[in-house]
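Same chain, two partners: subunit A is paired with subunit B first, then with subunit C.
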Partner chain A sequence: MAKELELNNTEKKFILSLLAQNQRLDGRKSLIETRNLDIKINPDAYGDVYVSLLTPEGSVSTRVHCKITADIVKPKDKRPFEGSFYVNCEINGLTGLQFENYSKPNSMSSEGYYTRFLESMILRSNALDLEQLCIIAGEKVWDIRLDLHVLEYDGGFLECASIACLTSLLHFKRPYVEVQNEKIHKVYTDLDERDGVNLGVLHIPIAVKFNIFQQLPTEELIKQSNNTNPGKELVAIDCTIKEEMLSNGEVLVALNKNREIVQLDKPGGVPLQSYKLLELANMALPMVENITSKILKAIEIDESKRNEYAYLLSAENDRYDG
Partner chain B sequence: MSRFEFYNSQGLRIDGRRNFELKNFESSLTTTSNFNNFSRNSQSSTTYLQMGQNKILVNIDGPKEPTNSNKSKIDQDKAVLDININVTKFSKVNRQVSTNNNNSPDKQTQEWEFEIKRLFEKIIIMDSYPKSIINIAVTVLQQDGGILASIINCVSIALMNNSIQIYDIVTACSVGVVDQMHYLLDLNHLEEQFLTSGTIAVVGGSPTQNVEDANVCLLSFNDIFPLDLLDGFMMAGIKGCCTLKDIMVTQVKAMNINKLIEIQ
Partner chain C sequence: MVSIKYSVLKNLDGSCEYTTANSKVITGVSGPLEPKQRHRLPLQSAIEVFIKPSHGVGPSTREVLMQDKLATALQSIIVTEKYPRELIQVNAQILSNPFDSFGSLQNDPFNEIVSSMIDLNSCFNSIFLSLIDANIALKSCYFSNLFTINDKNQVINITNVESLESLQSLSHKSIHLLVFEIEENKISNILLMDSKGTFHDDDIIKVIDAAQANTELEFKNIRSLIKEKVKDDYIWKV
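Here is the complex of A and B:
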């Protein structure tokens, strides 16, 4: 068995006292400050994205690679008009030794839980329109597979992964398919020959994770629920792995910028008052808006790089500018 | 989407309940209704819960010394919780044919196990059982919507029946939304299938308590839903949980009086 990351008592106390003073181990000045986001899109392919979180000093703390591949398959009998979508997440010993050990083969780790959160976030909210992936009903549909590799891990997996998923879904282009007489005539796999088709992404859900650090023992938290004394627990966003290990509970919220909750999960942990949960959900909204605009901007920049000569080929001219 | 009228103008639902009406809730200490078959010597007793058409059995083994196979998990300071959920193949209307042949639980069940384990790790006073393990085995015999809530309720009752120390009683309830304005409590499977729904669990709720101060320990919500309605959603759920707690307390008391009489 590989040795897991362990914290000694001094370090635990130090991190918790830092958090109580509204400071973070990596130099951030507030509990609700996120790390800098960096989205890199591979210029040679579609839907190949690297997303990393940078510490204030500029070094990479968490990095995720996301790649989409598409394949033509036969649809399920129950849903002949829909394509399929699958998220495959790989976290192995490369990222951290704690992922080498599997406690029980049939039980779910928290990373497995997050992956499932991501998949259902995209599927159940219809963020990816599966009906657009249909080529011939009941015969041929597209199967979209998303491979997620965690290259470096220092917390913030859920945010990073959701950003990577959505960026690559928005960026990916599947080959154009020509259908004649209910048969596939030609698949334009060479995107230079004929431009690909974007996937139908209907809205952009982004997940945010809040970590809760309790200040009082659990007994007092539950018994003294009637008198509201503020500041009973600390809530931090975008925790590093050391902070995550010390947290007593978490709230996962996925929102889109249309003020809709796509998914909300509080899997056990320390109890939280209902007004606090509402506060957290509302707090996530400006963050989601910010991230969404960053994603769209990154894709726009990439698009303009690809079409360097677009203005030469364009039929638009000054006279027509109006 | 609505092929059915889930909430009609008279304020009735498909199964004739009002919107805030819970399913009938019946729990018993063993599967048999009379205690003649109840074995006094059995170390662990089974708790049976019937919540509407949900039928669940919970068997708690422990706290006890870990056996050889899970000795590595032992914690010197507190107990270790081990939860196993078995959703039987005949529990739904359609028999579920599993694709994997080694009978491993599906993703949904694993997710429930993960959530319930995290939930009860904070509710059971783990410090009072150091170096021991508590095994909770859940069997779902029949399901009819809101199964996660029913499992949580049943585990909560089973913990009380087995005299395991807990901070307070956990109650859970499923909530659905119709037409973005009516909230329905304790859904059945049709409602769960077609409505936006979620599950909420509250620890130590009481009807006198201010709703905003209720301690929410689990919230699971998988459908798309306007952010501004979250408030009403949680209010409805918490009210349901508080009512449920009263019902649960009376039933557990009655159950254990029966048990006492039987033993004497």
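Here is the complex of A and C:
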């Protein structure tokens, strides 16, 4: 039932020759140009975010819906002070016919692989403070579940998903819990009664995927492997699905705007000169900075919409600088 | 109150985003497709319904029950004889359900039922528009309603109830999902009726009357929407 996407030879050749000329099929003028980013935050809920990548003409190419739900659970015995966090993503027939229903995501499927990359990017870099999720040590902690729904898929899933994850983590508010005598006294589920508590997001890692296109046939490359000939491969950011299909390898880098590499992965594919890795990370930095400021801006705008009358209620004095 | 956007997913044959006062779903229809060998029926099309919940791994038993109800009802709406040995795939993704937030299901056992009924109701209506968008041959139209009877014997349309607090304070006695078949712009049959709770014969009559009135009202909008859509799609015909 799942129908594999196929490219005909003419299209393959055309896309590759476009890439060699620093052009993209969707009208982008450079290999390192990303599609336009659009972040929409649902005004009626917390941590409910739509992120889409728009083509230069303005049509949606990839769209992801991200939703966070929280639950109170018993912590793991080994980590009694820590809450838990889980990313769930299953791509099904709604996204496109190439995806099959009822197929469990695993490390072989791309979404399973990318989702685990995202989860470890957030968890192992301590981007989410898990200790803040503890209510009663060893008894009750918050379990944060993040659900990613891929509505439209045209490449760029990793970027889109990481932006959606971080935006909703920054935006989400869990209910305030009142503890008395080591027991939960009251959970303020009504956020109008008592303001929710933001999650502890300590830094904002953004994942970027580089696709490598090898220009020489593999035999040539093996022959040349001794006298290394750098610069023979093309590297593109934010590839569409057609470009991804033609790519010979990929490098996943997660960075934050403090210029730190949070996670790095090169799952097979064509070999890459080691110095290239640093080059790629440097290439991603301005993109990550740009995305981070867009995320913070979107949250700020949403905050000001929710708190329309905050300035009237505020007791803060006007301050003048000199 | 209800907002409908069709042709939202360009990778599928037909799609619709259906937003009511308290829920939001996105549905897509693909078909006719070539099915797997075991799904192939010699004289009619197979219908596969797949629903993903708004959160959590799915479809769980809650969604599978909804899928079965939808598949049975769609079986009698889609002209299955027209697509023998083929598959019509219906996918739905619940984007928001009023009972998503923490602790909202507690207190009243009815909340869980209402939560899944709201999803089912929205899916029914959204899938209808997706089917039309996908140009699948239909025998008739349908429209789904969701009503509750509270402890004061009032009949309330749940799709119009906005906030979670008012949903929780409805104090249901029974909940009824009614899908009407519409032929020639007139309600002809009850396609599906799903009721939960305690109720009498008169209650059912009351709900059917209310739902009938609601269907006539709401379907007018849907009909004009479809008319507009067809006009837009075939613009070259003048």
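Keep this in mind: the second predicted complex is superposed on the first by the 300 of 322 C-alpha atoms of A that agree within 3 Å, B and C clash if a C-alpha of one lies under 4 Å from a C-alpha of the other, contacts with A are read in each partner's own complex, and residues count from 1 in each chain.
Definition applied: a residue touches a chain if its C-beta (ideal position, glycine included) is under 8 Å from a C-beta of that chain, and two chains touch if they have at least 3 such contacts.
Every value quoted in this text rests on a predicted model; they were computed, and no experiment measured them.
Visitor: According to the stated criteria, A:Gln263 is in contact with first (subunit B), second (subunit C), both, or neither; which is it?
Guide: A:Gln263 contacts subunit B only, not subunit C.
Visitor: Is A:Glu33 touching anything from subunit B or subunit C once the two structures are fitted on A? First, second, both or neither.
Guide: Neither partner.
Visitor: Of the partners subunit B and subunit C, which touch A:Leu278 in the superposed model: first, second, both, neither?
Guide: first
Visitor: Taking the superposition as given, does A:Pro175 touch the first partner, subunit B, the second, subunit C, both, or neither?
Guide: Only subunit C is touched by A:Pro175; subunit B is not.
Visitor: Mind working out whether A:Ala45 is in touch with subunit B, subunit C, both or neither, as first, second, both or neither?
Guide: second
Visitor: May I ask you to name which of subunit B and subunit C touches more residues of subunit A?
Guide: B
Visitor: Using the superposition on chain A described above, determine whether A:Glu139 touches subunit B (first), subunit C (second), both, or neither.
Guide: Touch status of A:Glu139: no partner.
Visitor: So, A:Glu244: does it touch subunit B (first), subunit C (second), both, or neither?
Guide: Neither partner.
Visitor: Find the residues of subunit A that appear in the contact set with subunit B and again in the contact set with subunit C.
Guide: Comparing the two interfaces on subunit A, one with subunit B and one with subunit C, no residues are shared.
Visitor: Touching residues of subunit C toward subunit A in the complex: what are they?
Guide: Answer in residue numbers: 9-12, 26-28, 30, 33-36, 39, 48, 50, 52, 54-58, 87, 89, 91-93, 95-96, 100-104, 165.
Visitor: Across the complex, what residues on subunit A touch subunit B?
Guide: Against subunit B, the touching part of subunit A is residues 103, 105-108, 110, 112-113, 116, 120, 124-126, 218-219, 221-223, 225-226, 228, 248-249, 251, 255, 259-275, 277-278, 281-282, 285.
Visitor: Which part of subunit B faces subunit A closely enough to touch in the complex?
Guide: 73, 104-105, 107, 110-111, 113-122, 125, 167-168, 198, 203-204, 209-228, 230-231, 234-235, 238
Visitor: Can you tell me which positions in subunit A touch subunit C when the two form their complex?
Guide: It comes out as residues 1, 3, 42, 44-45, 48, 59-60, 65, 67, 69-72, 88, 90, 92-97, 101-102, 145, 147, 149, 151-153, 174-175, 187, 189-190.
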